[in-house]
Structures are given as C-alpha cells and as structure tokens.
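To start, I am sharing the structure in question, which I have written as structure tokens.
Every chain is named by a letter (A, B, C and D) in the order it is written, and numbering of its residues begins at 1.
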Amino acid sequence: MDCRVIGLSKSLGGKPVLDNVGFSAGSGELVSIIGPSGVGKTTLLMILAGLESADSGAIEYDPQPSKDQPAILVFQDYLLFPNLTVFENTAFGLRARKLPRKEIKDRVSHILGYFHLQDKMRSYPNQLSAGQKQRVAIARAMVVNPGLLLLDEPFANLDRNLKLETAEFIRATQQEFGITTISVTHDLTEAFVMSDKIGIMLGGKLVQFGPAGEVYSEPATFEAAKFLGPVNVITPSLCRALNLAEAPIPDNCGTMYSRPEAVRIQADPQGVGVISQVNFAGHYICYTVAVEQDTLLVYSLHDGYSPGDRVDIQILKYLTSQRDQS
Amino acid sequence: MRTLIKLSPLLIPFCVLFLGGMVLAVAQSLGFFAPLEAEGGLFAAYSRLLEPPFLRSFGFSLYVALVSALVSVGLGSVLAYGVWKLPASLQKTATLYKVPLILPHIAVAFMILVFWTKSGVFASLAFHVGLIDSAGEFPSVLYSGNGLGMILAYVYKETPFVILLALAMLKRLDPRLIQTAVMFGASRPRIFISVVLPHLKPVLHTTFIILFLYSFGAFDIPFLLGESSPAMVSIEAYNLYFQRDLSNRPAAMAMLVVMFLFAALFIGIYARVVSRMEMRERKL
Amino acid sequence: MRTRGKVHILMLVLAVCWGLFACAGDEEDTGGSAQAIDPLTAEWEDILAQAEGSTVTFYMYGGWAHVNDWIDTYVAGELKTRYNITLERVPMDAAVFVNKLLTEKAAGQEQGSIDMMWINGENFRNAMEAELLFGPYAEKLPNFQAYVDPDSVAYDFGFPTNGYESPYGKAQFVFEYDSDRVENPPRSYEELLAWVEENPGRFTYPQPPDFTGSAFIRQAFYAVSGGHEPYMTGFDQALFDQGAGELWDYLQAMRPHLWQEGSSYPKDSAALDTLFARGEVDLNMSYHPIHAQSKIIEGTYPETVRTLVMAEGSIYNIHYTAIAANAPNPAGAMVVADFLLSPEAQLSKLDPANWGDFPVLDPAKLPEDIREAFAALDLGQATLPVDDLVPVAVPEVPSDYVEALEKGWDENVLQ
Amino acid sequence: MKHWLYMALLVVLFVAPLLALVVYALAPGWRFPDLWPHAWSMRTIEQVFMGPQTSRIFSHLLWSVVYSLLTTGATLAICLVPAQHLARHEFSGKRVLEALLLAPALVPAMTFSMGVHFAFIKLGLADTLPGVVLVLTVFSYPYMLRALVAGYQAFGREYELCAANLGAGFFQRLLSVELPLILPSAIAGGSVVFLVAFSEYFLVFLIGGGAVPSYTGYLFPILNSSDRALGSMLTLVFLLVPLLLFVLTDVVVTRAYRKRGMY
C-alpha cells in the first residue's frame, strides 16, 4: 500500500502538535519517524490509523484501507488485552471479522508458529516477557493481513540488547510480509538499522525526510544534526587556531560543524589541542580536547592519551547546515 | 452537550431523587405538604430550633461525631502503619481487621451493649481481676450522658475503614524513605509523624470528613445506644416525626434540613481550610 | 454515532430494569381484589370467601420475642389451615405506623400496605380523629357476637371504640422483682420512693412515650394525686395542672437515685427487661401480669422472680386490633380479628409458655368445657392470683391526659 | 515475635468481640460475673435453624440479599457510562460536579430520604421493592462511581482504540475488552454497595415500611430485646451472607483475574 501524507496539521488544547507534516511511504517500505518524546508522533499514528482526525491536510492511500486490508496500529506498551490468552488476543481481529471458527484457528496457529509463540497460546499477557508481548502484538496485527502497519515506539520497553534484535526482527518480518510500515520512535540506532526512510520530527514539524543514510550524513538543519548525535561547532576562532584557512567559509546564516568520530587526534608535543578529559565509553574512548577557548569532542579507538597531553587535530569531514529559523 | 448525555444516567436519578428529596424536605420544613395546616408563618419550624434543647442536641451530635472521627482516624492510621510493616507472609492474615466492616451498624451497637454494660463482659473481667465487687461499681460507660457508648461503637466500626484506606495509600509509600529516616537516626514516633503521616494526609482528611459526617447524621447506632437527653439530632428528628403529633412534622424536617446544611457547609469550609494549610506548607 | 448507540443500549438496560422492578412490585400487591365486595355490609360467608387465599399484614410492636413467636407460629399456622390466610407480621411501634397512615393519607394513597394493627388507646384516638380506620366492623365478627360483653369494650382510654377496633387481650400493670435479691420490695408508691432512695441506681422506668413507661407515670399520677376517679370524666386543665405538679415533684425526688442518676432512661420496656434480667436494676415492670412467668419459661429470668401490685392501684386495660381505612385486604383482616377472639386462640394466648395475656371473653358467655380449660391453665408461681389483681385494678385515664403527661414529663423531668 | 504480638493485637481488637457473640449465642445464661458460661445450650441454633421462625428468618435474609443485589446492579447500570466519561474527559465545572455527585454518600441520608418518602407514597413507590432499591441506589452509588472512575483511569482509553483499530464493533469492544477490564473495579465498588445496602436499617425501614421484609428490620427488635443470645446468633447469621458472597467472588472472579495479573 502506498501512503502519502500531505500538509497534516493538528492542535490539541490550543497547542500545535503537528505542523504541516508531509511525507510518503511507498509500497513495502519501512519508514521511521524519529524525534524526542512528546512531539506529536503518536498523534500522527492515530491519524494514520483513522482513530483521530487532523485539523487540516490529507492522507492519500493507494489502495484505500478496508476491512480486508486495514491500517493496524501496534500501540506503545503493546496493549495486549490482559483478560484474553495469547490465542484470543491474536484472534481478536479475526473474530471482529466474523471468520469461521476453523479458519481463525488455522490462521492464528500459523502466525503464532511463525513468531515462535505456539507454546504460549494458552498463556495470559502478564505471563510473557516484554519481547514475547511485542511479538504477540505484532502477530495480532499481522494476522488480519494489514495493508499498513503502524508501530508506536516499538522499542520503548525493551532491554538494551533486545532492542537491536527486535529492530532486525521487525525488518525481517516486514520484508517477509511485504507490508508498508510506518514506525515512530526515539531510539535512533534501531531506527537507522531497520528503516528504508527516516523522517526527523522536531517541535511538530517534519524537518527532514529521506533515505536513512542521507539523513544521517546530510542533516537538513543544525537542530536535526544535534538530535542525531553530538556535534562540534567549528567557530571562526577554531578555524584560525587549527589553521583551517582553506576550509569552506560558512554562509552568513549557516553553521559549520563536525561529528566527534570525524575528528582525528595524534600525539604531538607542539599540537594546538590539550586533552582535558578522558572518558572510557566501552568500544571507543571519548576525549575532550581544549583548543584555546574552544573545546572539541573526539571519539577515538586509541586509548593512549591522558589529560594534559598535547595533540594535533585533523578534521576529516565538515558538515554545513542552516540553523532552524524558529 | 455530549457530556450531559453521557452523564445523564447518573444525573437524572441524582436530580430527581436526591435533589428532589432535598427540595421536598425543605418544602415540608416550611410547612408545605404537611398533614396539618402550618401555623405561624414560613419559618416557624426553624425558630423552634433556636431553643436550648435542640441546640444542646446539635452540640452533642457535633461532639460525638468529632470525637469518634478523630479517634478512628488516629487509631486507624497507626494500626495501618503497623499492618504495612508486617512481613508479606502475615499481610494476608492481617486482613482480619476487616471484620467490623461487614458488620451492620446495629450489630456493632449490640456488641457494645454486650461488652460495656454494667453487667457486660468487661464488668465480669473487672470483677475477676478484683477491680470491682459488684456490677454497680463498674463505671457507667453507656447511657451516662457523655455519648461514650456511641463513640465506642463508631470507633469500632470505623477504624477498619481508616485502616483500609490508609493501607491503600501506604502501598504507594516508598519503604526506602523509612530506611533513610532510620539511617539518620529518627525514632519510631518521629518517623511516623514526619514520614508516614504527611504521606497519609490527603486520605486522612477525606476519611475524617466521611466519618465525621456519617456519625453526625446517622440513625442506626444512636437508636440503640443513644441517651435520653441530650439526644442525637437524628433521633430528635425521628421522634418528632414519628412519635409525636403531626404539628411537629415541619420542625422535624427543619432539623433534618439544618443537619444537611451543616454537612454541606462543613465540607466546603473543611476543604478550603485544608487547601489553605497546604498552600502555606508549600510556601514554607 | 458510536456514543449515541451506547446511550441507546443503556436506556434499554434501564428500561428492562424498570420492567423487572415493576413486576416485582406487582407481586407485592396481594389484596388487590378487595374491592369486589364491601366487607362492612357483606355476609360473613362472603367475607370468608373473599379472605380465602389472601395475605394479611399485621403491624405490631416487635420487641417481645415470645409474642412474635406466638403470632408467627400458632396464629399464622391456624389461619393458614382454617382459612388459607397468610399472616405477615411486621414489627413496628404503634406511633410509627399510625404516622405512616397519616402520611399516606396526606399523600392521597388509597391503598396502603397495612391491613391490621395492634393499636393502643392514645394512637387509636389519633387515628380515629384523622379518620384512618376502617369500620365499624367489630360487631360483625361472629366471635365478638358470641363471647364478648360489648359494654366491657365500649371505651379505649376513655375514647369510644364504636366498633372501629376489636378487643384482643386484657392486661394489668405489675412490678417484677427477684425474691432472691430483694427480700422486701416496695408495695406502694410511697414505699417505692423510699426504696429507691435507699437503693440508688437500682430502679428506673422506660422513657415515655414508651407504652410501659407511660403507664408507669400514669399510675404514679393516680397514686400521688388521690386516685383515678377525678379524671374519669374527661380532660380538665386545672385538675391536670394540680395533679401533674405533684407527679413532677414525686418523679424529681426519685430522679437522682435512679439508674444512671436519671440522666438516661431505657428506650423501651424491652431495654428495661434486659437491665433487670442482667441484674443491673432490681425492679422491673410490665403491662402483662404473666410476663415474668413467660420469661422464666424462656430461661431469661431466674425461677425466683415474683410479681406484685402497688397498693394505690394498678392500671388494667384492654388491648385492641384495628383495621386501616386504606387496608388492601379488610376482609382478611376481619377474619384474623375474629380468629383472635376465638376461645381457642384466647386460651392459647393465656398460656404463659405462649404469651400469658388475659382473655377478653365474658366467662358467662363461654361454654362449660372452655371455661374449665381456662381455669385449669397453670399460670405459674410468678403470676399473682386473680384474687390479688382484681381488687386493685383501676381503669386507664382518658387519652388527652396521656399526651399531656408524656409532654409534661419531657419538659419537667427529662430536661 | 514482635509481628506475632501485633497480629494478636489486631485479633483482640477486631475478631475477639465476634467470638464473644459466638459464646453468647451458645450460652444464653452467660451473665455477670461469670468469665465463662456454666452451661451451654443449643436453644438459639434450634430457634434460628429449626424453629418456628426459621422460614421467616431466611425469607427476610433472602429479601435483603435480593434488594441488595438489585441495588448493586442498579448502581453499576447508572454509573458505567458516566464513570467512563468522568475518567476520560475534561470539561468545565468537572470538579464541582464530581463533588456534587459524591454528596449522597456524605450528607445525612435522613434528609433526602424523608423528603423523598412523601413523593414515593404519591408515586406508589413507598412500601415496594423498587422504591427501596431506588433509595438505596441513590444512597450508595457514589461508592460504585468512585471505584469505576478509578478503574477507567487505570487503563486509559487506548484499549478501546486498539480494539476499534483491530475492527471490533461496539459489542465486541464492550464484552471482550471494556467489561473485563472494568470488572475488578466494579467488583470492588459492588462489594461496598452491597454491604451498605445489606446492612442499612433506617432507609429500608422508612421506604419499605415493613412491607418489604429486610433482615436488619427483623434483627433490630431482637437486638433491642432482652434475648441477647438470639441477637448474637442472628448477628452471626447476618455475617454469613457477605462472607459467603466475598468468598464466592474471590473463588470465581478474583482468582481468574489474579491469574491474568489484573487484580
């Protein structure tokens, strides 16, 4: 199913939560809308699912969702009905469609088998782990053969190590069933891992929308870049200190910056930078380097520096973005 | 509009029966619908209420309600804290405290009779311990004009209610707060006063209002344990309505209306005082 | 649209509930067909036929367990087998149900819920004046015609009965004491005051307007103001003020030495019975001469309890049943009232094991065998012989005095 | 040890008085100054369970159960939709309205009931079962309302939306989602309403006028009489009903919900 969102706006209690949001998800694509909590992402999904209406704007579906090909929303916290078994939860949508008993049983058994849940059929939701609940929720959605799958914060209640696994699982499932999927989340890594396209939503606005890699490497605005990860702003004083005369001069309203992993340091007693802080961050080391009055954040795999060491600094990649007007 | 429709299943019986009942009560107190022609103007019945016997009844009702609600709330919150501190294995058994909750008020009054009359269980106990030599020496707990019998009955019936509500609130108290207080060397009463009570405060306020107003206006317990003079207002009204001749009807209804007005006023004032106190605390 | 649907469903549910309620309510009305004949003019056979299979509600004081038992078992059972009438006893104080009738009348309710009631003189007069009663019916009752001397039941508390109530039992006021605990009980009102002063806290009386408590102050009223004769001719304010003044003095003198120093009184005679049974007071009183014996049989009183009457006189009265003007089943109520007057019922009622209430039948009118059965009944050692009771018997005061005394007691003694 | 002492205190305070009733019921002759009765008797058991009053006692009990259950059902019926609305929607004057709606449980019940008595007589509702149920409903619905509002607040609106999104119609939403979710709250509120209705004396006495039998109405004169043994026994019988009912709901409903982690 194709889905085009055009100029969607909505206010709740006088506050705009969606401001002229537009994007499209092609058939079989997985689109993630990322953004900090409480920026109207859930409202967007509710509108897409037809559970709420927008103040203005339109959504074009092709084909239009119907009972045979609905848009199904998997809520945050999964919202399994606590009084129903896994089997009954999964069968819920089929019962609503008044399918014959036998067919319901077959389809539910099949989908639960696919999700490795067949031994949990008689269990109640409170007897499942978070990951299992998630799978039941997705199974419950998939069993009604949705044309559009909407996922609200699919990683919110999962352990760190389960998140990535789940992202891969969602990706695999979505590919297998070929279902257009729109997910909203604030878990960046997982979103990048599983998505075809990413949209960044800040303050009710969709500030950028595009293929996953492009969004990360070429943020549309400085705020979007900052949301995606730490940045080092390259100020004019830093340019002079680093002797970056040939560096591109930013426009009057643009900002030049670099990601911490795009900065390289090398021990040099004559270097302009002084290591001021060393933080061990697991699979990399996070150095804070002072350059005259500026500081730079540097991610490095090399762990040989101590505070006070002088280093030479090389910036491998610059990014330039407009500042958000607002 | 949608709100009105949605709430109508409740609003209709509320308005028709409750408010309607109130209006009828007021009307009867003013002399309408009375079986006999009312004499002496609209508010004749109310002027009767200014006489000392009614004022004494009113004061007595206030006193009984106040003492029984205060004691119940105090005792109940302490006992609830005790139950809360019990290990999980005993928590279930501790629900025995709920027994008086399922007893009707009249049965509680009866139990007070069984225990506290001059020839009751406690009198027998006192006799065997050697405190008294005959039933007559046992102190007059009941019918002595100080309302003690009714207060005992209310406390017995209402303390479990306080425990119930306070326990529900305590379930949300982080036990680490207590541990922290212990770590800083606070004594047990200190902990209760500065950690447990503030946490319980909102629910204790509500409970106090409920219990106070119930004891103030209820009929069942005073009917069995009440004293001749002064009597509780509810009993006075009942006697006037049912036991005396018909010219007293408006006065009986007027008593009930005054009782209601007092209750409404009390809720309003109490809520305001409490919220003001809380504001001041927040400023501090 | 969705919400509208929900509201409709709810309306439907409510409607169904109402329907159920209404049905349940209909089943309540058992005497609905009473309008078929007028029981006041109909033949007794027609009344019997009308009453057949119906339910009669009998409102009466509910504090005497043995009386309740007698009504619920003997009376209800006999009525069922003889007339197929179901008797529903409802415990309620006379003042309360008369008030209920008044409220019903004020609200214009044509068919109430009370068929029959055990009423006392004061409330009878109130009910008569407010036209709450059905009648005259008493003289239509076959057993009334056969066994009752109409002159003996012409007045109730000085108020003419006019056939609006039928007699039911006879009682006389007695005091009770435990001969084990009290060797020399007071035998006159003068002695009583002295005895109370000597034994502080060991005497009290039920708070008027309780029936027994009210009778106690009436007796004291006679005793301290020179006997009953002056009051028999109707209410006289000057006479009352004079006599009542002496009564208040008497009761005030007694008050500080009463149980609880007179600050509280037992709510009713049942409460006083309890105090006496538990030994908290040493003297008890009852309007039923055989009451003590019944209590002994029941196991509540020790065997050593005896009764006595005061030298100044002891009030006797006849108690009556009446039928409500808005009774749903007056025919059934008449049949019940008639049955209560039957020699069998009166004999059963006299038995201390049942109730111990004196019969209202005229011995001269009774057949020989029944008269002997009455005479043969053992009233127990706690009961005074009739020869002791009859000489001191004095009639009830007209009911105007009763109300004045009860009100005066509130103002002069209680407050 | 300390804990056991505390348990003992609770038992002495709240359960021991009941044991005294048991002793009294089985020993009518227990009196001052005996600490323990000299003789035991089966009299009250015979009176209550095998005596001439047995059928009356149990028919009164049954009536009480019937009108209490009807009251519980009626409060549920009138509170369900309003509770949902109050829990999920904001509107002006909500706080005042909520306070007003809780008033019948707070202010003295005598005032409105004696006022309404007059109207009930006119309407033919006095002395009838519907009249009694109506008055008890108005008196006790605030407990149900409180419980249901709390219940609806606890699980939010999402379940309903989720069910709607999966295609469920009104009845499927009501029967398999909403009612099961609200049932624990309804049981909690219903237990209170049942207890209030079942133990109420005055309102039933006033509106029922004796024509609607009630166990409290039967019990009252006996508690007030000198036969304390019978009073004790009947009080114990009274306790049986709520106990039985609570055990029953515990076994049938609560267990099922506990298994699902919902209670």
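The rule we apply is simple: a residue touches a chain if its C-beta (ideal position, glycine included) is under 8 Å from a C-beta of that chain, and two chains touch if they have at least 3 such contacts.
Small disclaimer: the values here were computed from a predicted structure and weren't measured.
The minimum number of touch steps separating chain B from chain C is 1. Ranked by C-beta contact pairs, the top interface belongs to chains B-D.
Chain D has the Cα centre that lies closest to the mean of all protein Cα atoms in view.
Spacing of chain A relative to chain D, judged by their CA centroids, is 53 angstrom.
The mean-CA centres of chain C and chain D are about 35 angstrom from one another, to the nearest whole unit. One simple way to say how far apart two chains are is to compare their mean CA positions; for chain B and chain D this gives 18 Å. If you average the CA atoms of chain A and of chain C, the two centres end up 87 Å from each other. Shared contact sites, meaning residues of chain D that touch two or more other chains, fall at 31-32, 77-78, 80-81, 118, 220, 224, 228.
Counting partner chains per residue, chain C shows two or more touched chains at residues 7, 10, 14, 103, 106-107, 267, 278-279.
Screening every pair of chains for touch gives A-D, B-C, B-D, C-D. Chain A contributes residues 46, 49-51, 67, 70-73, 75, 79, 81-84, 88, 92-93, 95-97, 124-127, 140-141, 144 to its touches with chain D in the complex.
Within the complex formed with chain D, the residues of chain C that make contact are 2, 5-7, 9-10, 13-14, 17-18, 21-22, 24-25, 28, 57, 59, 62-65, 68-69, 72-73, 90-92, 97, 100, 103-104, 106-109, 112-113, 267-268, 270-271, 273-274, 276-279, 295, 298-300. Contact residues on chain B toward chain D in their complex (touch as defined above): 3, 6-11, 13-14, 17-18, 20-28, 33, 79, 82-83, 86-87, 90, 93-94, 96-107, 109-111, 113-115, 118-121, 123-125, 127-128, 135, 156, 159-160, 209-210, 213, 216-220, 223-224, 234, 237-238, 241, 252-253, 256-257, 259-260, 263-264, 267. Here chain C touches chain B in the complex through residues 3, 7, 10, 14, 93, 95-96, 99, 102-103, 105-107, 126, 130, 201-202, 207, 209, 260, 263-265, 267, 275, 278-280, 403, 414-415, going by the rule given at the top.
Across the complex, chain C is touched by residues 28-29, 31-32, 41, 43, 52-53, 56, 70, 73-74, 77-78, 80-81, 117-118, 121-122, 124, 126-130, 133, 170, 209-212, 217-218, 220-222, 224-228, 230 of chain D.
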